[in-house]
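Some structures to go through are shown next.
Across the two complexes that follow, subunit A remains constant while its partner is subunit B and subsequently subunit C.
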Partner chain A sequence: MFFGPLIRAKKKQKKKEIVHELGFQEDKQPLERDLDRMVDRIKQELGNSPDVIVRTFQIGSSPLIQVAAIYIEGLTDIEKVNDFVTHSLLFEQKENELPQSNDPHCMFDVILSRALTVGDAKYLNDWNVMMHALLSGDIAVFVDNCEGSIIGNLRGGERRGVTAPETEVNIRGPRDSFNESIGTNVSLIRRRLKSPNLWLESMRVGNITQTDVSIMYLKGIAEDRLVEEVRRRLKDIRIDAILESGNIEDLIQDQTYTPFPTIYNSERPDVVVGNLLEGRIAVLVDGTPNTLILPTTFSQFFKAAEDYYQRVEFTVFMRLIRYFGFFVVMLLPSMYIAVTTHHHEMIPTLLAINLLAQREGVPFPVFFEAFLMEAAFELMREAGTRMPRAVGQAVSTVGAIVLGQAAVEAGIVTAMMVIVVSFTGIASFTLPGFTLTTSARLIRFPMMLAASTFGFYGIFMCTILIVAHLTSLRSFGIPYLSPFAPFGFKRQKDTLWRSPFKTPATRPGLIGPRQETSLQKDGVPSSDQNDQTSEG
Partner chain B sequence: MTLKTGFLMLMILCMLPLAGCWNYREMNELAIALAMGVDKLGEDEYRFSFQVVNARDISGIKATGRIPVNVFSGKGRTLFEALRKASQKVPRRINAQHMRVFIIGEELAREGIEELFDFMERDPEPRLTTRVIIARDSDAETILKTVTAVESIPANAILGKLKVSGRVLAESYEVEMDDVIRGLLTKGGGPVISGIRHVGKVKSGEKISNVEQTELQTDLFTSGMALFKNGKLAGWVKGRQARGISWINNKVKSTIVNLDCETKKDALAIEILRSNTKIKGEVKGERPLIRIQIEGIGVVGEAMCPVDISKSAEIRKLEQLWNEETAHDVMAAVKTAQKLKTDVLGFGAAVERANPKAWKKMEKDWDEIFPTCKVEVNVESTIRRTGMISKPFLLKEKK
Partner chain C sequence: MEKAKISPGQLFTLIVLFDLGTAVLRVLAMSAGKDAWLAILLGTAGGLAIFGVYASLFRLYPELPLTGYIRAILGKWIGWPLGLLYILFFIHGAARDLREGGALLLSSVMDQTPLIVANAVMILSIVYVLNKGIEVLARTGQIFIFILAVLGLLSIFLLFAAGVIDINRLLPVLGNGLGPVIQTTFKQTIEFPHEEVICFAMLLPYLNHRKMGIRAGFAAVLISGIILSFSTALNMAVLGIDIAGRSTFPLLSTIRLINIGEIIQRLDVFVVLTLIIGDFFKVAIFFYAGVLAAADLFRINDHRKLVLPIGVIILFMSMMISGSFIEQIEEGDVLLVTVFLFFGVLVPIFLLAAAGVRKWFGSNP
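After this line comes the complex of A and B, so read on.
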């Protein structure tokens, strides 16, 4: 019913694929039969790079068969190459007679079935696929006079381990986070969801980078049409490089120009699993710990993973604090400007006198003062993010002193303005989804301008515009403000407040009411969507 | 631009001229007048005075402690003209949004205050909740110029005195601008406005040195209430008469009623906790009958004589005495109002509520009928507690 916009949102095809020839050719090419020519061609194709390791040896006893194993240093686990390829082919086959065969494929079959001890190995006769496998860290084994190759998965090399999350910090709950390897990330999700309905689809995106991108969803819970739409949008991507999930987000989002993020991302496996269980889809990208979760609604950015681990009462309180924090970031500086320039009657008299005393001698108008301080704060924040760790302490100390004490003492800004700006700054760190805070930070500046020209009236008009924009936003066809607009009372169980788990829980539909209970008897979600099982 | 966004833009453009009256003004472009006062100067000329706060001298860590306020004034045949004339003396725009009290000089009050409130109601800046006070035996500017203690801003000091004494003593009560305007519309009556009096030498009150001693040379007291008739000050009431007015107008929040104790006069103090007054009118022939029903709840606050208040008979006796005292206050107030021929007590409204047809006939002659009204006072008091002690030592001493 809400999928209409999906069709409208279909991406326009990119102009001409000019850079296409730089990447891999799509058409299938068989491999060489002659081993030397094969090895030469690979070396030549990779520009004689010295990290391409070619190991040639002979196996069998009579006659000796010429074999070459090729892998790329650093991408492949060298110890495993020694154990499972060279050792198994060289030593264990000395005694055994390898059966001869003139059929080129048969030779590979014999090696695969009798000689090679690599677990994940398969026969392949396609130049492009072979090259991609090689560049992904697989090992390729070639046999002289045989067309084709054996690709063995011995990927390894240096990788960052699973560490505690750095941006989404919790007090209670799991401490693992995704890393840059897509395999690890998938396993972190699978480990938590031992369901046969957890389905994984992989594809390669990026003409040159050939980045591995996977979509994960729970079959039967995620809408099939939604999965199909995500798949279609990913396949439609025509671009050279995907370096981070942000690139994917930019390419598949419904609306390009909006200050609000319409796709959520997380580096926590428990957050991804929770969202999968609600029928959302995860898009994992190799090389980044940030996993995309879609479709996304506005209220998602106010939910921390911890909300589901802490007591309900506390969760509700914290959520309200976060919503308050969001409005503080967006509106507090502009409200202060409006009150002090247009609506003096709204300030309690004693506070008005206090503010007046502070304003005496301050050379700038309130708007400029606010703009100056907010800009200074943003500068400090940006400096804090970019600067080398070693000088961090010094910069933040100097910044705090300059912003606070010195500016007030010099009479350039009022103490009240410093309080307003610091309060705004602190409030901007309350949201667990960092991306929505950036929206509020951006909107703050036009808000301040509106407040200084039209007072509360201007703030009100800006707010109306923002709400109108928010209601027009869609994330994969789902209204961005749902379940606030369109409003659904039954879907409010996990928005401003969270119902305790003991209350009869129906799985929240993303767009409409879905009456399935999420606590089914065997704990396995049914793949039949119309199945209405009721929990006793 | 699509039709939709174009329409949205048009809507926003339409909204801009729809806004009410506001304007961009920095705080430090304003002279915040916390109190204003009006006096009459000769024929048809007003003096409009403003007590402007010196924010830097009283607030924040850099407060200099110099004089907290300055008083400026302007003259004109209208208040607005006087306000604009004052700009010749005040370097900033005078802002009335934070006006706490509006003071009217007695001389002007006797000549009539009706004209003043048009400006106050018409201009967007003054609030209609501003308290109105009559400067008793003096002009408004003298009151505004007096430096006060405890509350360094005189406007706040005046407001504080009015508020607190109104709540605990009930010999005056706060009257807001809209109350005054409503009072001016009363047929055959008028508003009741509390008064403030200047005590001491005028000149010494104008200096900060006035508050640099334990007992002020010059100070301001709330004093009595002014009864108006047709917009003109008709007379003052004070003390128990003023409290009677508060009783009748249901403005008593708390007060102290002294009762006689056996032989000793006024030796027992009752603190009123709650009180409620109802006025009912009844028309029998020419003279309307007004029934005033007062219900009060109080505690024994002090007993300077040996009285055994643990006995309920004694309590009943005290309640009876209290009823009489209250009725006495009320009757004193009624007599004064009837003598001044001004219905500040809301009797006309009571008659209208009871018998609208009869009121239609009486309305024209209410000035003459009001002094002849018969009044019946019925007080029902209850003593709830006797304080922290049940057996006072004075009683033991006697035995």
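After this line comes the complex of A and C, so read on.
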């Protein structure tokens, strides 16, 4: 069960075993001893790019020692270079003599221990690693006639600051969100979770991009097997470029072809921290604010960060609204089609007369009318996302008037259809986990087709198929629909209902170990078997 | 055999869905008149005994499905052909229920649709789910039994609220004496739906907790019997015995009577949903039992290969099985005390006896 996807992943790997020529080589190469040759080689390797800055100077007194500092403009903080490298090597060393040494390594030790004021600096004698550091924004210091280099972390350059979240908005709760720098993102999480058990693992993914990817989890709460599995899947990735966490998601998810997202993503540190505390694992990717959270269950998409800050009663109410919203998006247009084309007898008489009167003169069948309007709505939504800010006003005005009033007045569509479509549209914005809404939006169209051909029968058969598909999904071995199916009565504390924190039984549920994500030997969640008595 | 496992709770769910399946839509045991509900309750006791037989066989051969232990008990030469007959029995059962569900569906909501189209949609959906395996079927069942429970409780509440229940229609209890009740019990209610539970003899080896699983099975038979009895009594109390007896789809007629202040009315969709879900699981389990039996007999490792071919057979069989819905029901009553009785009760009892004898002789050589 659990290993099925793994075996498949291995098969895929074989196909991808085409090592790209542009990628970084793995083997270790020592650096040049001669400074000029060293500098030339670096310049040559980077194609004489003008943003590679080489600063050469001499330190010591007798004899003078040739030193070169190399960094890349824009990636390294120039002010820091001036303060901590140039200044400290040139000025402060004038007074006290540097001890001489013929040992090639020794010179670096002296510089490291007595001259350089950079906090995070280390000696390195490996061409690939050095190039890597250089391209990541570190500064490299070379000394003539000495083999090796000193790598100092002076990464800087322009970055977006920590701003309020743009997609996951809330009323109560923290206002910070991740940005594109993985360092900042890690610190945002660490700042909230001052536990020594918060472990961080880093790796590079992508042959060319060499993107930093980090796994974060709470040791002791997150299942070790799960961490191992995530690590393994990340290591198995063979691809040239990772540009966003979506690439990673695509490569490590359990099932590729499904309309449903099996990995949650969030740009809110508090959401990530909450999930870490439940034993989940966060995968942070450099260059994107969207952090992956796994394993993911269906109910997670209905939980907003705010749910844990607001009153319980309100939270439960809002969750019901969200579930309702999801079903509205998926089913409302098709229900309307089914009722109006197949099941007239189910509409109360007065309403039926009203609807019939509206439909008089409308030239299209209900399905076509609904399809037209839903497609128009999707168009508007896409336009709204992509269009330049400046023309936003125009599009929304045109959209509202053309699609709403004018279409009805022209007799192309009924007013009821406009109501149904706009209700569906509004409902699609209710889910906190936005990725799930897209699934509902996609499914809506086949659903409408089924409704127009088979009425309620079609809708229900589609629903059964979707539920069956959902139950067959797994996210890192965890059944997607748990704790609904397989059902666990004890695990219903944070699904539709959220029990208050005061309830003694609940507290371990939120911070205790191995609550929802515990795995047994064969990858079936243990609660599947432990909660036998409460099932059914 | 698939490596998947189902939990006792999931077995419970599947048995309840299977028992209610098509049965809850109809008024059973009409020959007992007003005491039909009593006959169904008595029948449930018989149903528990029948399940007891299956459970004992399962305890003797916990690793084997029905077709497996038939061969173990009776030997290859009798066991294999008997197993073959069981495949036909399961396929036939699936086809009958598919036909019945399709016919009810067409008569209630989709009078323009050809039967084969409705049945094809159903069977293709089942093929999809069975391809995903027993675990997916069981979990899907857990979701839908919840929906059914909510719909059922809501309907009962609304029926009471609408004031259409007249308990006097059920009185007097035992007006014609115990005779007709006992007769109906033996003729109909023990057999239907309990002897069809033989399908689960194919599924029991998938249980992850045997002891709890058997208990859950008994509980499921008992509870579905009580629900059936209650729903029959409810239908009669609402419609009266005449209409309830003549109607092809009494549950629909009952629910249609709900009308509270012109606001809550026309809840037909509840019944349609019940029909579709019930029929889906009933056909799916018969179908799956047939697939497993065929895979076991013909030694096919990946039983999924058989799902689509058998599905097509079931589809065409459901079209040819009878000329009309009335014929189907009439035929069903005859089959119930012949074919179903043979495969569902007599053979298992015989098997148990044979196994007992074998064991007795085995231990005292």
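By definition in this document, the second predicted complex is superposed on the first by the 488 of 536 C-alpha atoms of A that agree within 3 Å, B and C clash if a C-alpha of one lies under 4 Å from a C-alpha of the other, contacts with A are read in each partner's own complex, and residues count from 1 in each chain.
Basically, a contact is a pair of C-beta atoms (placed from the backbone, for glycine too) under 8 Å apart; a residue touches a chain by one contact, two chains touch by 3 or more.
These numbers come from a predicted model, not from an experiment.
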Considering only the touch criterion stated at the top, classify A:161 as touching first (subunit B), second (subunit C), both, or neither.
neither
Just to be sure I read the superposition right, which of the two partners does A:468 touch: subunit B = first, subunit C = second, or both, or neither?
both
Contacts of A:362 with subunit B and subunit C, given as first, second, both or neither
first
Per-residue touch tally on subunit A - higher for subunit B or for subunit C
C
Is A:452 in contact with subunit B, with subunit C, with both, or with neither (first, second, both, neither)?
first
Give one of first, second, both or neither to describe whether A:479 is in contact with subunit B, with subunit C, with both, or with none.
second
Which holds for A:353: it touches subunit B only (first), subunit C only (second), both, or neither?
first
Contact-wise, after the overlay, does A:47 reach subunit B, subunit C, both or neither (first, second, both, neither)?
neither
Please indicate which partner A:345 is in contact with in the superposed arrangement: first for subunit B, second for subunit C, both, or neither.
both
What is the shared patch of subunit A, the residues that subunit B and subunit C both contact?
342-343, 345, 454-455, 457, 461, 465, 468
Interfacial residue positions of subunit A with respect to subunit C in the complex
1, 342-343, 345-348, 454-458, 460-461, 464-465, 467-469, 471-472, 479, 481, 484-487, 524, 528-529, 531-536
Quick check on the complex: what are the subunit B residues that touch subunit A?
8, 12, 15-16, 19, 22-28, 30, 32, 34, 53, 55-56, 58-60, 62-63, 95, 97-98, 100, 125, 127, 153, 156
Residue numbers on subunit C that touch subunit A, as the complex places them
3-5, 7-10, 12-13, 105, 109-110, 113, 118, 121-122, 125, 128-129, 132-133, 135-137, 139-140, 142-146, 208-209, 212, 216, 262, 265-266, 268-269, 272-273, 276-277, 280
Spell out the part of subunit A that touches subunit B in their complex, as residue ranges.
340-345, 349, 352-362, 365-366, 452-455, 457, 461, 465, 468
